[in-house]
């Protein structure tokens, strides 16, 4: 299936035209991202690499690829922790140098940028064990909450909620330290892998479980207590009428609060920054809720009896 | 954890049986794809590679991986444009040679096939800057439409709608030139990455934004105007009763038309080839719509008040 | 954009702190997965590699990457079958040695483990052609069931249901042989790629088609007959009230039965282990069904007429 036909014509065209096309593409991009230039070259892939190192450090038995004897495990995980720190530091430097350079205050030896990157790196890496302990409660919640879950190992190695919640918790640590751009790249990576879209700004307690997960959306200003369980397709979103005079959503507290011990079944939609689901409540499948409910509430749609017509029977 | 047990038995079995199994697998495949043989060897991965080159050319700051100085950017993007052209040309040759060979008209020097591949390649590559300008309007719509969007850069580097719409717009250029197979491989790649399923045949205007996106389905014969905003889980699909006598859907105009400046909230389902949503309309969450609505309509479900029962309170 | 600033401080910190952090991470993991230790090192990635080999063997024209002449195809597929067998055997050994070691009965020459792994490997590989024949019926159902499907080749190369159903059918063969952990890793890989979540325990007949697919959930104890067609967002799940005294779902038959020739439209939710959808039934979009329906039923929501308000018109 080799093309033996001479195609001199297209070769000529390429020689004369591709530079023009490339120049125009760069021009359009330059106009567009003039507001920021943080991403530099390949930032997205560097953040993906960072997530690979971090997951390797957090879950050694799952992601360590070598058939090394278990006695080298400490060295292997130490390397992953160190790699994570070095790459995060590099990424943060690039971010702060870019922002700083744009504000025209930056010199190549800008110690302010470097110190900021160092401080956040050390805080973040130092926090990994505490973060892993919280993740351990999430795994426990999955084992407890899904009869198909056979063991901790089963959940960690295959459940999409572990991927999504792990990456959300990592991203949240950078978000609360005001790191631009990077947290959202992280959570959108998880969204792509799992169909679970958790904004890095959301605040989520311990023992958090999402079953199946595809289509779950958790907005930026959402707060979720401890021991909350969500099913696939649950939206914790913004009401459409929290808009300014141009019809744009306002960047205020616009997503709901979910208190402790709440279960929300598949496809339920809970909207609004002043909507609070009281603790120990159950929200049924496909419920559309835009007002607060008391603790211990059970909220169900009066299921419309679908019309059943049995033909030829 | 090395297996030291001798397993001669399975080795013997493999030696005698695998060729039989391989032959039977090839036989089944040959029966099945006798209708076409375009895919050749590894077509799917080649199309994925092509998308990587194209995204690199369209968004240099996001996908260029080298820490090259900015002065080499033009050369780098020129290379991506050229690589895109060469690989697209190769793929198109393979497609047209296959179709041609099947119709028994093809010889190894079939200039008709080569000319067709060259023509489409040049048109497609030449159109990239214009396509990028349209994508720029989509990014602008996201920045404007989502309060959590912080900058153009933030949107381009992390929003799934940018991935999905970029790949849809590329695939659509091949679809309208009647290229078989390739456009759908492209959009299904995007579907896999984002949960957003846009058929390459759909016609979509400028300033198009999809928030969150998981579960969105946009059918083949759909048309969408300018400045339209969709949320997650929106279906623009076919009515189930547009079927022939065998219960199969008819391949006619079967998906709706959405005019300019329409907002469609999460989970809404709009069906049918003669359904038109007039310009400047708002369709509420979970609405099920199978009839046209006038311009400036606001369509909301009379939200069923869910039954709330607060126990022990 | 190279960081020239000295950052001795963070280097010192890394030297003294990373081993402490690594040790603590290992400690937390050891506590957590003490119930099982099957995953060993890199099991997840090995299972992904196995799926790559298997897909290559099942669909030679799609996944074979070399531009080899067609006369070497038999050798190439034979190699994929052999690679699949060898890697599956390795994975099964690791699984059974781990379980066996935990139960303190294992020695390095445990022939019982090796024989079990060999037996399952041979049965599984031997079954591939029969499994591929069933997959051929699934592809035929897609070609027949979707007017946008142009050919067998089009469906095999780009439809997400082919990916999801192929991997489910492979995983199911290991599930029914009581292989722990591995089947779920497989189906969750497919879930991640397609948004279609089929538990490996479900029993699914021939000519099975899922259109679009994002958000589909098919539970562990579900049975599905022949010639069934699902659309995106369909849940075949457990009723929330099949719970024990602690509010946890019971691990019994808890998912519905779907008989032959049933069509279930987008977003329908069918729940409960004693719910049966009789053959030749149609379940409409967004229907919520928790009771059995007779054969030949047509179940539709009395579509709530949404409130339409046309302003300025």
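Letters A, B and C mark the chains in the order given here, with residues in each chain numbered from 1 onward.
Following the convention adopted for this analysis, contacts are C-beta pairs under 8 Å (C-beta built on N, C-alpha and C of every residue); 3 or more make two chains touch, one makes a residue touch a chain.
Just so it is clear, the model here is predicted, and its values are computed rather than measured.
Q: Identify the chains adjacent to both subunit A and subunit B in the sense defined at the top.
A: Touches both subunit A and subunit B: C.
Q: With touch defined as above, tell me whether subunit A and subunit C contact each other through largely the same residue numbers, more than half shared, or through different ones.
A: Different: fewer than half of the residue numbers at the subunit A-subunit C interface appear in both copies.
Q: To bring subunit B onto subunit C by a C-alpha fit, how many degrees must it turn, rounded to the nearest 5?
A: 120
Q: Report the inter-centroid distance (CA atoms only) between subunit A and subunit C in whole Å.
A: One centre to the other, that is 23 Å.
Q: Mark out which residues of subunit B touch at least two other chains, giving numbers and ranges.
A: Residues 1, 40-41, 67, 195, 214-215, 233, 267, 284, 286, 301, 304 of subunit B each touch two or more of the other chains.
Q: Contact residues on subunit C for subunit A in the complex?
A: Checking each residue of subunit C against subunit A gives 1, 3-5, 7, 9-10, 13-14, 17-19, 21-26, 28-29, 31-33, 35-45, 67, 180-181, 184-185, 188, 191-192, 195, 197, 199, 201, 214-215, 217, 219-220, 233, 235, 237-238, 240, 248-251, 254, 267, 269, 278, 284, 286-290, 293-302, 304.
Q: Can you list the subunit C residues touching subunit B in their complex?
A: Residues in contact with subunit B: 1-2, 40-41, 57-68, 73-74, 77-78, 80-82, 85-86, 89-90, 93-94, 97-98, 108-111, 113-114, 118, 121-122, 125-126, 128-129, 132-133, 136, 139, 144-148, 150-154, 156-160, 193-195, 212, 214-215, 232-233, 263, 265-267, 282, 284-286, 301, 303-304, 306-313.
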